[in-house]
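After this come two complexes, each holding chain A, first together with chain B and then together with chain C.
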Partner chain A sequence: MIWQVDLAILALVVICAIAAVTVRDLLGAGILFGAYSFMLCLLWAAMGAVDVAFTEASVGAGVSTVFFIAAVFRTTRRTKD
Partner chain B sequence: MESITGLILAKYNYWMYISLMMVGLYAMIAKNNLVKKIIGMNILQTAIILFYISIGAKKGATIPIIMHSEGHGHEAVHAVQYINPLPHVLMLTAIVVSVATLGVALALAIRLYARFGTLEEDEINDQVREAP
Partner chain C sequence: MLVHATLDFPGWGDPNAPAHLHVAPEYLEQAYEKTATPNVVTAVLADYRSYDTMFETAVVFSAGLACFFLLRVQSRKKEEEEEEDRYFRHLATDMVIRIRTPSMHVPDSPYLQQLDPYWTPRSLIVRAACRVLTPFIQLFALYVVAHGHHSPGGGFQGGVILGASLILVALSHDLRTSMKMTPEKLMGVLSPAGVLIYAGVGALCVAAGHNFLDYGALAEWLGTAPEAARSLGILFVEVGVAVCVMATMIIIYANLSSAGGHKQGL
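And then the complex of A and B:
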């Protein structure tokens, strides 16, 4: 666990999380949530949890983003907050 | 004084986990849109996963695969050389459960949109109150 890499990825994770909950577009929020999951996957790999890392990459980043995009296409992109 | 700053700086993973958890909780409570609430729920779950993985991490340790393979004789396994794999295994289950929860929540949101024509919580509440 190299602490410089760890701290940089942690900062990116928090930035992606804040951006995903504040952006005023649901499609953008879903894509930012996918970016957040990929940053978390990098973090797990840097912390030595490789099994959690590839599960997060396939399930968390892949399937969750597909779910969000499918839900946004079936409903609406507009949001008030 | 030095020990307090050392405590804050050395455990930065836990501070980031707390801030991520607060971001998720804020999105679940304060946001009006249902998809935003679901994103907040997922951020809260992944923050808890970050907490558990941080428990298992060790300085100067490698991934939990035994280094001496077959044919190298018998050596003692030193647990301090390996990252603790028990939190990893627990969190694999948590990831799968979180994606199942996400699927159910988004399906309910789609049904609500088909019924009420909006994803905003206050508008859904108004329509429910107006209907007898």
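And then the complex of A and C:
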């Protein structure tokens, strides 16, 4: 484990998380959530939890991003609040 | 009082905490001897904590069920009331035909391709690339399921990758093509079947006179040592998990992307 790499990934996780909940565009929020999942997956892998990283990569970054985008495509793209 | 009680909890990451003194070392030391499974995570997930995983699978199944009831059932009622225009592209001449009469039947033909009214992607490169890629993704998914004992992976990951490969077909072609490959009824049967495979393995163990999901009971029928039987039992339930997760992913995608109509997706 290299702490500089860990810190950089952790910072990206936090930035992606905050951006995903604050951004007005729902499609952008979905993609940012996918980026957040992928960064978290890297973090799991760096910590040696390879099984969890694998699940995060396939479920979090892969399929759930597709589900979010599919749901946004069928509703409206802008938030109402 | 509750806050006061939290002060007596062991410190965060304390190696002397009770949870780290007895259970975890035992799993780490004895998992391989007792289950013949090199990947401790898989052994804990599908053998020691098998109940958890079974109900996790049931949760995944009920997520698919909820999606079906919320989207599909409602849109079926709507479908009977209104019928949309249909569009077909004649592949040789690139002409697009619009059919307004809903009663008119258009036979399946290699020269005609049905189009989605407001989403008509037509990228040869994407289609060809996805068509080549899909079998490899599926092969990798099967490897992940079958090799979950030895390397990271298992039923959930393999099932998701298998489902994602079929979602890729739906994304690169259209939902109609992928629904022909994975019919709704088949997926609707496979999703609970996965949970039933899992519970069935547990019931077999009971039938052999052991506890529910104690795979060592299968040793006599399989003709192996109890340790190898536990390893094989893990494989059986992982297959059940993978089947359930794959079918559920496809059900959720098909219903979400077409708002339950199953006519056109993303």
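Everything that follows uses one rule, which is that the second predicted complex is superposed on the first by the 79 of 81 C-alpha atoms of A that agree within 3 Å, B and C clash if a C-alpha of one lies under 4 Å from a C-alpha of the other, contacts with A are read in each partner's own complex, and residues count from 1 in each chain.
Convention: a contact is a pair of C-beta atoms (placed from the backbone, for glycine too) under 8 Å apart; a residue touches a chain by one contact, two chains touch by 3 or more.
None of these values were measured; they are calculated from a predicted model.
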> Who touches more of chain A, chain B or chain C?
Replying inline: B
>> For A:36, using the defined touch cut-off, is the partner it touches chain B, chain C, both, or neither? Pick first, second, both or neither.
In response: first
> Is A:55 contacted by the first partner chain B, the second partner chain C, both or neither?
Replying inline: both
> Looking at the overlay, what does A:73 touch: chain B (first), chain C (second), both, or neither?
Replying inline: second
>> Applying the document's definition of touch, where does A:26 land relative to chain B and chain C: first, second, both, or neither?
In response: first
>> Contact-wise, after the overlay, does A:63 reach chain B, chain C, both or neither (first, second, both, neither)?
In response: both
>> Going by the contact rule set out at the top, does A:10 touch chain B (first), chain C (second), both, or neither?
In response: first
>> Under the stated touch criterion, which partner chain does A:47 make contact with: chain B (first), chain C (second), both, or neither?
In response: first
>> Let me check the overlay on chain A: which residues of chain A are in contact with chain B and also with chain C?
In response: 50-51, 55, 59, 63, 67, 70-71, 74
> Considering the complex alone, what residue numbers of chain C touch chain A?
Replying inline: 39, 41-42, 144, 152-154, 156-157, 160-161, 163-164, 167, 171, 249, 252-253, 256-259, 265-266
> For chain A, which residues are in contact with chain B within the complex?
Replying inline: 1, 6-7, 10, 13-14, 17-18, 20-21, 26, 29-30, 33, 36-37, 40, 43-44, 47-52, 55-56, 59-60, 63-64, 67-68, 70-72, 74-76, 79-81
> Quick one: in the complex, what on chain A touches chain C?
Replying inline: 50-51, 53-55, 58-59, 62-63, 66-67, 69-71, 73-74
> Tell me, which parts of chain B touch chain A in their complex?
Replying inline: 12-13, 16, 19-20, 23-24, 26-27, 31-33, 35-36, 39-40, 42-43, 46, 49-50, 53-54, 56-57, 59, 61-64, 83, 87-89, 91-92, 95-96, 98-99, 102-103, 106, 109-110, 113, 118-120
